[in-house]
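Structure provided below as structure tokens; questions to follow.
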Amino acid sequence: MMTNGPSVDEQIEIYRKMVVVRRMEEALGALHKQGGTRGPIHRCDGQEAVGVGATAMLRSSDQVTSTHRGHAHYIGKGLDVHRVVAEILGKETGYCRGRAGHMLVASAADGLVGGNAIVGAGIPAATGIALSLQLQGRDDVAMCLFGDGAAQTGICHESMNIAALWKLPVIFLLEHNQYGLTVHHAAQSSVADLSVRAAGYAMPAEIVDGNDSVAVYIAAANAVERARSGGGPTLIEAKTYRLEGFSTSDMGGYQDEAEIALWRARDPLTVARARLAGEIDTEVLDGLEADAAQVVDDAFAAALADPPPEFELHPASAAYSGGA
Amino acid sequence: MMTNGPSVDEQIEIYRKMVVVRRMEEALGALHKQGGTRGPIHRCDGQEAVGVGATAMLRSSDQVTSTHRGHAHYIGKGLDVHRVVAEILGKETGYCRGRAGHMLVASAADGLVGGNAIVGAGIPAATGIALSLQLQGRDDVAMCLFGDGAAQTGICHESMNIAALWKLPVIFLLEHNQYGLTVHHAAQSSVADLSVRAAGYAMPAEIVDGNDSVAVYIAAANAVERARSGGGPTLIEAKTYRLEGFSTSDMGGYQDEAEIALWRARDPLTVARARLAGEIDTEVLDGLEADAAQVVDDAFAAALADPPPEFELHPASAAYSGGA
Amino acid sequence: MAKLRYAEALNRALREEMQRDPLVFLFGEDIGSYGGVFKVTRGLMDEFGAARVRDTPISEQTLTAMAVSAAMAGSRPVLEIMYADFMPLTLDALINQASIYEYIWADQVRMPFVLRTQGGGGAGAGAQHSKSLDSLVAHIPGLKAVAPATPWDAYGLLKSAIRDPGPVIFLEHKLLYNMRDEVPDGEETVPLGRARLVREGTDVSIIASSRMVHESLLAADRLAGEGIAAEVVDLRSLRPLDLDTLLGSVARTHHAVVVNEGWRFCGYAAEVSATLMDHAFDDLDAPVARVTMPDLPIPYSEPLERAVLPGPDEIVAAVRRTVA
Amino acid sequence: MAKLRYAEALNRALREEMQRDPLVFLFGEDIGSYGGVFKVTRGLMDEFGAARVRDTPISEQTLTAMAVSAAMAGSRPVLEIMYADFMPLTLDALINQASIYEYIWADQVRMPFVLRTQGGGGAGAGAQHSKSLDSLVAHIPGLKAVAPATPWDAYGLLKSAIRDPGPVIFLEHKLLYNMRDEVPDGEETVPLGRARLVREGTDVSIIASSRMVHESLLAADRLAGEGIAAEVVDLRSLRPLDLDTLLGSVARTHHAVVVNEGWRFCGYAAEVSATLMDHAFDDLDAPVARVTMPDLPIPYSEPLERAVLPGPDEIVAAVRRTVA
């Protein structure tokens, strides 16, 4: 059931979304510097190939759960840039009317439910969705993207055991970006390659170059195919790197400059563009990049001008209120 | 650092304790039938070789955490039979003055802290003790005995990762008795041999015949030696079987009779006695068994006659009371 | 009108709801082939198959998170958590996930799941298997919580809980499972959020739930002998609270005693007392009395356990003080 | 008298206690090389080494269980849980382990550990990083809980907490870390269990803790302009409650308003209200008012978050209603 790589058209779309994400991250960084954002923002610069590459073959009825660092997952899963940015800025036009903020974006219509700021929580969430899909006889799949830090949580273990035991249609996509917050993985994990743990659940696993969107795509597509056809879960460990620190409130000082430089040289956008450059005209790529930048600029301009939400008590007051 | 097997004297002592435990379990079963016990009692008939064999080489300053099925651990770690039975019967003379009951027996002076009725909870408990021992520069070790059901909990994963990462002096002793309550391990675990999971923590692991107290002793002694000398944790998976059901409230019906018969033929007491019979006179063994039975009879007679506790508010009332 | 045991009434509710709605499924530890350690799910695996009635590994944290997300994906999960003492393991999924999604995601999702569990003391089950943690779950916005005291309400409330569009925590009591009483013949439900006036009286309102309703009725009988006419209100629903029924009762009696089997400090009885302070201060001729567990872990030994559990003695004494 | 920021005061307390007692050690996520995401442990790893100031994997449940057992084994652990929102993950270790051992094991063990965490809204951190869950921890017998409002108390209470023979939950507030104020020069501690009269007044007692003390003082200023003299009591200790100070204040003012940043239903304010009902019913000329969060998850967007957090407006309004 090996999948061919993504077609050139698919690669172009993946690259376009990666550029969108990168421009979004940069714009958010700039806005943060101006004091225009609220709360810490977890940029994913350098990890775009994972979030976009792993979700590119999914249907909108497939279900993705994400993390606190979900921007590439949101765009990869097909969410609208303007409504994502509006949510990050706490506007009424955001996917969640400003109630969620950037760590918790969800779009049920797009099968993205959703960002999660409890580390690891997306893992059992996807597992439960997969159980529901299996019970309903749907051939949709669930995918959770999660970090190397999240892999140390108990719920990761419990979920993988249950998913393997029940052959649930779920893909565990581990974005190994070397750090959990400020702590290097060597101080968090007793093993360097987390995919070795899959053997403990008799689950297939694979390590891929997380900075190569095509490699990520192929591994994910195979896993999705396996899940869809009743073959159960897969663990994919994508090795990548977080280029811009933990969040906008990161004061740095714990990372090695040489390490950063090494990974910067393997920027996933550079890798993807280089591969495409062999297939299509560079003008097309330049144009695509300019378009992507424009989409992001427009999204920010619109979102910044959008109205903030107004407070109202929740209509489902029985559930949200103890008293009558 | 391979350990020789236990000496004949040690084997005799192990066998004696195993007989004590078995007689205790049988007496508890009989008492339950007469309505003389309270709450469910989790007998460990058939598992004596694990609890007694694994703790036989420990010092009293080594620390053991146990489970809801801890009777063999209690006796193995050197607790007094009368005070254990008194605790099980809720008497003032019990180790915990009747407050704990049979699932939660503790004797801090003997390094047994303690029984635990939250499945898996003994695992991080032993890990935390091991951290304290390491920080204090003591060469004592911690050992947790836990079940195949407990191995599926998140805290088992978190604890093993941390113990391996920090090279903590802890022994993870998994009593694989094939069932978690009424559910067969094949319906709880995605893998048959749980020791394969140790590779996910770069931790040494071993499977042993849990019905052979000598095999258990040797594996445990090696692991204890490794832990004491700074070599970090070990996972030992002892394959065994629970001969008398989950607890006194077990209504049965879910186990295979042929399976039970198979394991009964390999009763750990029979195995241990057969091995010793080659070394010493059978009259000595008969005498030892009679003595053990007498110790248990005396313990029950005394405990049954002991007074119940009287209720008093806890003296540390600041902590145990919200108001002043 | 059939007479059923409380456990049978629950079983009937589950069976009927599973027949009615193919999206309903059950999961939890030992609920399948064994039929649940309290026999509530007996026979259901045979009738509905192992896919819809699932035995699970011991992984409460993940199972609860899966109930939340499976509900979001369109199923109607009913999860059994064997003892209320294990509710702490479920709280991240309840507080950080189930509680927030509907509001934070601006009504994009619904989570129709039921978490059944059972609590309470009196069975000699010890400090880790006897607690009532009502206030922990009743504190969580977005959830409902009910605690039936009779077979009728067990049946009717469970049907309503399963049909409810949101999460419902369903708190059973281990000492009530064998209580036999009337259950309606038809498919009657009992609405969530409505208390029940169990006994009319003019001198004092005794407000209770679950097993404490029966203890209150015993107290009311005794008080009648002393010439004190006690009204007994069964809350049934802990959240939302049926304020109208409470206020109506207190307006008649001008005295209130709240009985709850949980701890006192920050316990459920505190909320009822504070609510009456908010709304009925002028109606009250005396302070609201709280009858609860003392702030101590529940000891094992029978005389100790009896001393800490609230019962008719404590209720009668509190009423006497209140109406004095 | 030095002026220090709240975070610096905590840092100084930790440093001094670590110098004083070699059994004290710190562990938690990102507390080592990075010095904690709120910088409370800055510089301590350099001074005391990586063994006594440990970065950990993301494993809150196990870390808390380890704090309990390491304390039992003779250490004095201080665990940092990064956000109070993660407290649900710690509750099994707190409710089923730390809470019970001392009493259930008949005083064989002590557990001198401190769990530091920080809660509260106002920083745009969203529904999973902004909660105040005071009532959850204050409900647990055998634990103490404190919530300092000033640098002085942060310093003095933390020292007392570390020296206490039992478990203490130490609740900091993210918006207070930068507050600069006096801290004693010597090694002064502040005793656990004692409230502080912050401002005297004759008309109403405003009872608060943590950041709400400062909001109450702002309210008191405004009320003074209206001719209402409000007394402000800082509870400091949530459990045990300093009943004497509360009753003394209410005996003077005959009116009380309780302010707590947590949810209302079954929240901490309910306990204070119920306690006053128990002990000061006859002193009170009006019902105790509660000012709390509404029973809703905390939304991200600034206008929404501002609408749900209690502040001077809500306190002033509640006082006006109470004294009317």
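By written order: A, B, C and D. Residues from 1 in each chain.
The working rule: a contact is a pair of C-beta atoms (placed from the backbone, for glycine too) under 8 Å apart; a residue touches a chain by one contact, two chains touch by 3 or more.
Please read all numbers here as calculations on a predicted model, not as lab measurements.
Taking A-D and A-C together, the chain pair joined by more C-beta contacts is A-C. Most remote chain with respect to subunit A, judged by CA-atom centres, is B. Note on chain placement: the centre of subunit A and the centre of subunit D lie 36 Å apart, centres being C-alpha means. One finds 30 Å separating the Cα centroids of subunit C and subunit D. Averaging Cα coordinates per chain places subunit A and subunit B 45 Å apart.
Centroids of subunit A and subunit C (each the mean of its C-alpha atoms) stand 40 Å apart. Among all residues of subunit A, those that touch two or more other chains are 97, 99-100, 104, 116, 118, 152-155, 158, 161-162, 165, 187-189, 314, 320-323. Each of the following residues of subunit C touches two or more other chains: 56-57, 59, 61-62, 85-86, 92, 96, 100, 103-104, 126-128, 138, 141-142, 239, 241, 265-266, 271, 275, 295-297, 299-300. Residues of subunit C touching subunit B in their complex: 29-30, 32-34, 37, 55-59, 61-62, 85-86, 123-129, 264-266, 294-297, 299-304, 307-308. Of all residues in subunit B, only 152-158, 160-162, 164-165, 187-191, 196-197, 199-203 touch subunit A in the complex they form. Within the complex formed with subunit C, the residues of subunit A that make contact are 63, 65, 95-97, 99-100, 104, 106-109, 113-114, 116, 118, 121, 124-129, 131-133, 135-136, 154-155, 158-159, 161-162, 165-166, 314, 316, 318-324. Of all the residues in subunit A, the ones that touch subunit D in their complex are 38-40, 90-91, 97-101, 103-104, 116-120, 149-150, 152-154, 180-183, 187-189, 249, 251, 253-254, 308-311, 313-314, 320-323. Looking at the complex, you find that subunit C touches subunit D at residues 61, 85-86, 88-89, 91-92, 94-96, 99-100, 103-104, 126-128, 131, 133, 135-136, 138-142, 239, 241, 263, 265-271, 273-278, 281, 284, 286-290, 295-297, 299-300.
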